[in-house]
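Naming follows writing order (A, B, C and D), and every chain is counted from residue 1.
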Amino acid sequence: MAAGARHTGVEVRARHVIIAGRTRYENRMTDVFTHPWLGGLFGDPRTQELMSPERMLAHMLAVEAAYARALGDTGLVDPDIATQTADQIVAVTIDTDALRQGTASDGVVVPALVRSLRAALPKQGHAALHKGMTSQDVTDTATVLTLKPVCALFSERLQSLISVLTELKAVHGGNFLMGRTRMQAALPITVADRIDSWTRPLADHLDRLDQQKDRLLRLQLGGAVGTRHAMGGQGDEIATLMAQELGLNTASPCWHTDRSAMAEFTGWLSLVTGSLGKIGQDIALMAQQGINEIRLSGGGGSSAMPHKQNPVLAELLVTLARFNATLVPGMHHALVHEQERSGTAWALEWMILPQSAQATGRALTATAELLGQIQSLGARDQQG
Amino acid sequence: MAAGARHTGVEVRARHVIIAGRTRYENRMTDVFTHPWLGGLFGDPRTQELMSPERMLAHMLAVEAAYARALGDTGLVDPDIATQTADQIVAVTIDTDALRQGTASDGVVVPALVRSLRAALPKQGHAALHKGMTSQDVTDTATVLTLKPVCALFSERLQSLISVLTELKAVHGGNFLMGRTRMQAALPITVADRIDSWTRPLADHLDRLDQQKDRLLRLQLGGAVGTRHAMGGQGDEIATLMAQELGLNTASPCWHTDRSAMAEFTGWLSLVTGSLGKIGQDIALMAQQGINEIRLSGGGGSSAMPHKQNPVLAELLVTLARFNATLVPGMHHALVHEQERSGTAWALEWMILPQSAQATGRALTATAELLGQIQSLGARDQQG
Amino acid sequence: MAAGARHTGVEVRARHVIIAGRTRYENRMTDVFTHPWLGGLFGDPRTQELMSPERMLAHMLAVEAAYARALGDTGLVDPDIATQTADQIVAVTIDTDALRQGTASDGVVVPALVRSLRAALPKQGHAALHKGMTSQDVTDTATVLTLKPVCALFSERLQSLISVLTELKAVHGGNFLMGRTRMQAALPITVADRIDSWTRPLADHLDRLDQQKDRLLRLQLGGAVGTRHAMGGQGDEIATLMAQELGLNTASPCWHTDRSAMAEFTGWLSLVTGSLGKIGQDIALMAQQGINEIRLSGGGGSSAMPHKQNPVLAELLVTLARFNATLVPGMHHALVHEQERSGTAWALEWMILPQSAQATGRALTATAELLGQIQSLGARDQQG
Amino acid sequence: MAAGARHTGVEVRARHVIIAGRTRYENRMTDVFTHPWLGGLFGDPRTQELMSPERMLAHMLAVEAAYARALGDTGLVDPDIATQTADQIVAVTIDTDALRQGTASDGVVVPALVRSLRAALPKQGHAALHKGMTSQDVTDTATVLTLKPVCALFSERLQSLISVLTELKAVHGGNFLMGRTRMQAALPITVADRIDSWTRPLADHLDRLDQQKDRLLRLQLGGAVGTRHAMGGQGDEIATLMAQELGLNTASPCWHTDRSAMAEFTGWLSLVTGSLGKIGQDIALMAQQGINEIRLSGGGGSSAMPHKQNPVLAELLVTLARFNATLVPGMHHALVHEQERSGTAWALEWMILPQSAQATGRALTATAELLGQIQSLGARDQQG
């Protein structure tokens, strides 16, 4: 069987996952990203879709299916049964209420997911189902599958911002601004000078992302205690096959307890929002009456002062920068990951990484919107 | 008109708020509290309900209504029209899609809310609608109305935990544990000694909450720039009337830019989860094979090792403690709240305080569950 | 023996401590508070003196002496020997090189300190020396003795700042400023309005300090595992006597593992610097050319632009606010203090609390200096 | 004149700097790294020496000298005078008391340093002194010169730790440990498995350091507002010459406001301490009585319990990991660096980066010491 044939792609499969569950929580959301009205300011639908539970579930099923196929390819399970099981796994309808109850008692969703799959699959397929893997293999690999298109999206957005900044420079670059140091007028600069200082870090962030990708987008496969022992001596081959199918790197033997790549990536997310926050802060300062170095369309209204044009998106960029800066250390504390698996440190990552990615996604779209609102920038004549 | 008559209570009104909006986001939730399956582990339905957008909306309407009535009571608006307007305000059906769009452009929900109300109210009521207030008055007071029952709930839960610990001490207190310092066996102690060390900080936290309540549960009323200037010279009287109706303290003139009480309360939430995290850490250490000082029912299962009984809730307490510790500084950075209102610092609070409260709510329920799982604690005989 | 007679005061004794040690590190200091030149900007000599190692050592000796006396007063040791030993303890010359070596191996200074004392005292006094106490009793109580005058100093400085602000208001309060919300001109306010918003939180911080003092300034006395077991059944009486002598509250039995008061106090330090950071941020914004709402004397010079007058102290206040905000969570992570004593969590406090106090001390003096530099504030006429 | 001839090396010059100043602060140090006794536990003399004020001063002088030479080489100043001035600059005796006073008023040391140099140099050399540079050029480049040997040292130490771990594996690797997940016994593993999980992240950290070095070790040269305008049109050539002399990369035009590399490096420091903290946590858990999987020599003593052998260094590693995790966000907040230079954000870096480096230096030496204390690891026979 050709690798290509099965490689229909995780992203496609994600769309076919069927989630069934009666519990609805939409009026209970307190996070700003999906909140009924705050979501309008803080939400980035594209990042949300990439990081949605629906996708995450699809990715977990894709991992289980890839494992089943690999068991078949290595001959540990009858190849036909393995292929059949893999196909069935991704077609199962999952009851999220069962997952919810299972997560409540097990502290992780995978045991309940495997129970659901076992109940839905014919008995003969059970040998190809999860046997030898552990919850962390499934969850971490699914997370990495989620992060892969997020990296691509953010990379694309950074490149697009660089283009927009280049265009802005072409249009306004020759104008003058007062260069300010320590919030005091220093010497005149050009708009081009200021825009260059906004653009350079974004290019560096693309390099940083490229450099860490190999470490971040790694299959997780270790089995119960990270040793790949219960995989018939073929753990490394299984890992290679799975990584190939899922479009990931492999790591030998696993990174169950080495969370550095997750912390590094969260740090990168915060570097990005930090650089965008600097743009936001500069724009908010330029927009002050008395400074008047920028004119924006579409500023926010006030309930008390209809005359106001608030630089809402500029402020949002600073907020998102400080939010992400706040979150970073949580991932660093999670590096103290005791023994072969820390329930404590691992769950802390789940609380932090997704929202940091959401904040970054939104900062990137908000910057694009904000730059698009610029009507004028700097002055024709040098003042000072 | 009797104050009592109108004082049917914010909590009651909250139930009658009608939210209409077509956008559904439930499959996009990445926060662990309302997540389809992680919510089973991290969610606390009661806190969620208290902090739900539905409630928050009801509280904003209650603030607008209280203001309308106060305008009537002070004679700034015809009293009958004011009363009628107040009654209408709390009965209006609000389209959250409109709120969402408004928040996106204005950076705060109130202008859109006021537009919705204006569209729904008869023209003659417009004079009693919001005039003289500012967005921050409505949002902050509604937040405080949300926090009030949260404080009551957490206080009740802390008291209940103290009772449970007292009972545990009655049952197991005479047993022995090895006292451990620096993770090394030191000298034997009794279970009562250990339980006392868990209980004492909880009692102190109740004192801390009592001491800060007067500062936290304060009406916000300042108008456009915090001076109560556009309230016909009767700002202080209006504030007193509103505070009375809403069951809050008043502050003169306002705390638009002094966010200390919010930071203090978030710090308190983290003190609570820190003390509960200590209990969780102790229990996880006692549950180790080789130590065997506690026996728990209902431990979590493993997908790879069916024999395991994981102390999931004990670990969760440590996770929630570290999560809240991570969030606290965000609120402290928000203290640098420039000029008369910082969009930047204020929005940062919205991103942090609600999730910190959710985490604390869950830590309190998880501790109760965990203590209820204790089957045995310590040993009859002193070893060492 | 009269309690008064011995109550010559810890502060006095501190001056007589003699430190001998050959190792000098002054050219190795990287912390900004004592750094050869950065100390000029960041250092607050008075706080430094209160928190100096010399004082801390004096306080540890005072604790050992108080314990010796209490052993005598309770009859556990011959009263004359106890008194004599107590007097000798505070007169011993301590070699800090020995303390340094001991701390390196023991992880805490007290064992080496006790070894030094034992070597210096006559044999008969050994029974009154430390027996029944533990390192944490000495270190924590000495820390609290250090914090006591720090609280007094900061309280005094806050009161003094409130006076200065009141005077500023008397002089400039009638002038006008443009009220700014979201960094946009809103409506004119008076200088008095702005100064009031700076002053109110400082008054609240004094209340907060008063409320927590009883929790913070508590004797630590627990013995090896926090139970006061090795004190001949008279642990509570000893604690009462010591607390009386040292001017502290007592706590029953001890707070070895409940670090809430330390975290609460560090949070308070950051609330103070946050409120002062808001003043600094406002002043830096007012000092912008184009805004020109404040005139300061003594601004900082630039090596490239001699014409500049940088609002150095205003900026410093924001820096110190963000620094303290950064540190706070370290103390909250230290709440997860496992078992009877956590070497890990405890040492983290030593790394954080002292520098947070230094930063607060400096923010208080810098605010006083900055307010003293104000030459004009606001404009005679209302603009807008 | 040959580039090589002058390239006698910054490190050599550092030793010849003469600091004169009467103020002594050694008894006022509250930071744990240089503290009279805590320094024994927390201090790493080698890192301290590399980051000492003495070195930093030498580096600032080296930057001024390199600039003078470059002005000569580009013909902007008479080459002989330039060379002579450069030689004089590094030989001047600097009074740190003057630096201290200058820093207090200017917020940065360079104006005072330049005043000192100007007073010491013959008039004809003034044209080659600092003209066209700004304080940030000198300070940032000197910081980078300080970080360069720190990077080399930490890289060397990481490699050495990997060797030590490899040897430990050779000796003990065949022994058995109980693999533990969620702090519960899971399945037996070998000591080699555990040691591998400790070693892998260290190798990755070396890669991470290599990848960021080009971004971190960059000359800072921008002049007053970052544009290199006051350098006679030869700013880029001057930068190239200086970078060559100082052994740094160049960046065009400068990174005054892009602090990403500093934040990235601080994140890296915390990744390192996080991975070492995991080793420390594992060892502290293995050393528990009842677990007994490791035997260490030289454990710490207790003042109350002479029988104890505390795993002090293992605990220290966890403390240092949490300390560095705490500090990281300060550097991320400093990314919001407004306009052409933020006094606020920049000074925050000075407060954080040096202590984070100290903590990492110590974690590296402490890990080496701790691994050297291992007497036995794991058991000959598999238990389960």
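One rule holds in what follows: contacts are C-beta pairs under 8 Å (C-beta built on N, C-alpha and C of every residue); 3 or more make two chains touch, one makes a residue touch a chain.
Keep in mind that this is a model prediction, so the values were computed, not measured.
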(request) Determine which of the two chain pairs, B-C or C-D, is joined by the larger number of C-beta pairs in contact. (result) C-D
(message) Report the inter-centroid distance (CA atoms only) between subunit B and subunit D in whole Å.
(response) 41
(request) Averaging only over C-alpha atoms, locate the centres of subunit C and subunit D and give their separation in whole Å. (result) 28
(request) Would you kindly tell me how far, in whole Å, the mean C-alpha position of subunit C lies from that of subunit B? (result) 31
(message) Two-or-more-chain contact residues of subunit D, please, as numbers and ranges.
(response) 107, 134, 180-183, 186-187, 224, 284-285, 300, 302, 305, 310, 312, 315, 318, 322, 326, 329, 333, 342-343
(message) Chain contact topology under the given definition, line, ring, star, complete or other?
(response) complete
(message) For a test of understanding, state which residues of subunit D touch subunit A in their complex under the given definition.
(response) 107, 134, 179-183, 186-187, 189, 193, 196-197, 200-201, 204-205, 207-208, 211-212, 215, 224-227, 229, 253, 255-261, 263-264, 267, 270-271, 274-275, 277-278, 281-282, 285, 318, 321-322, 324-326, 328-329, 332-333, 335-343
(request) Name, in rising order, each residue of subunit B that touches subunit D in their complex. (result) 178, 180-187, 284-285, 287-292, 300, 302, 305, 308-312, 315, 329, 333
(request) Name, in rising order, each residue of subunit A that touches subunit B in their complex. (result) 19, 21, 23-42, 45, 48-49, 51-54, 96, 99-112, 114, 130, 132-135, 138, 223-224, 230, 284, 298, 300-305, 310, 312, 315-316, 318-319, 322-323, 326-327, 329-330, 333-334, 342-345, 347-348, 350-352, 354-355, 358
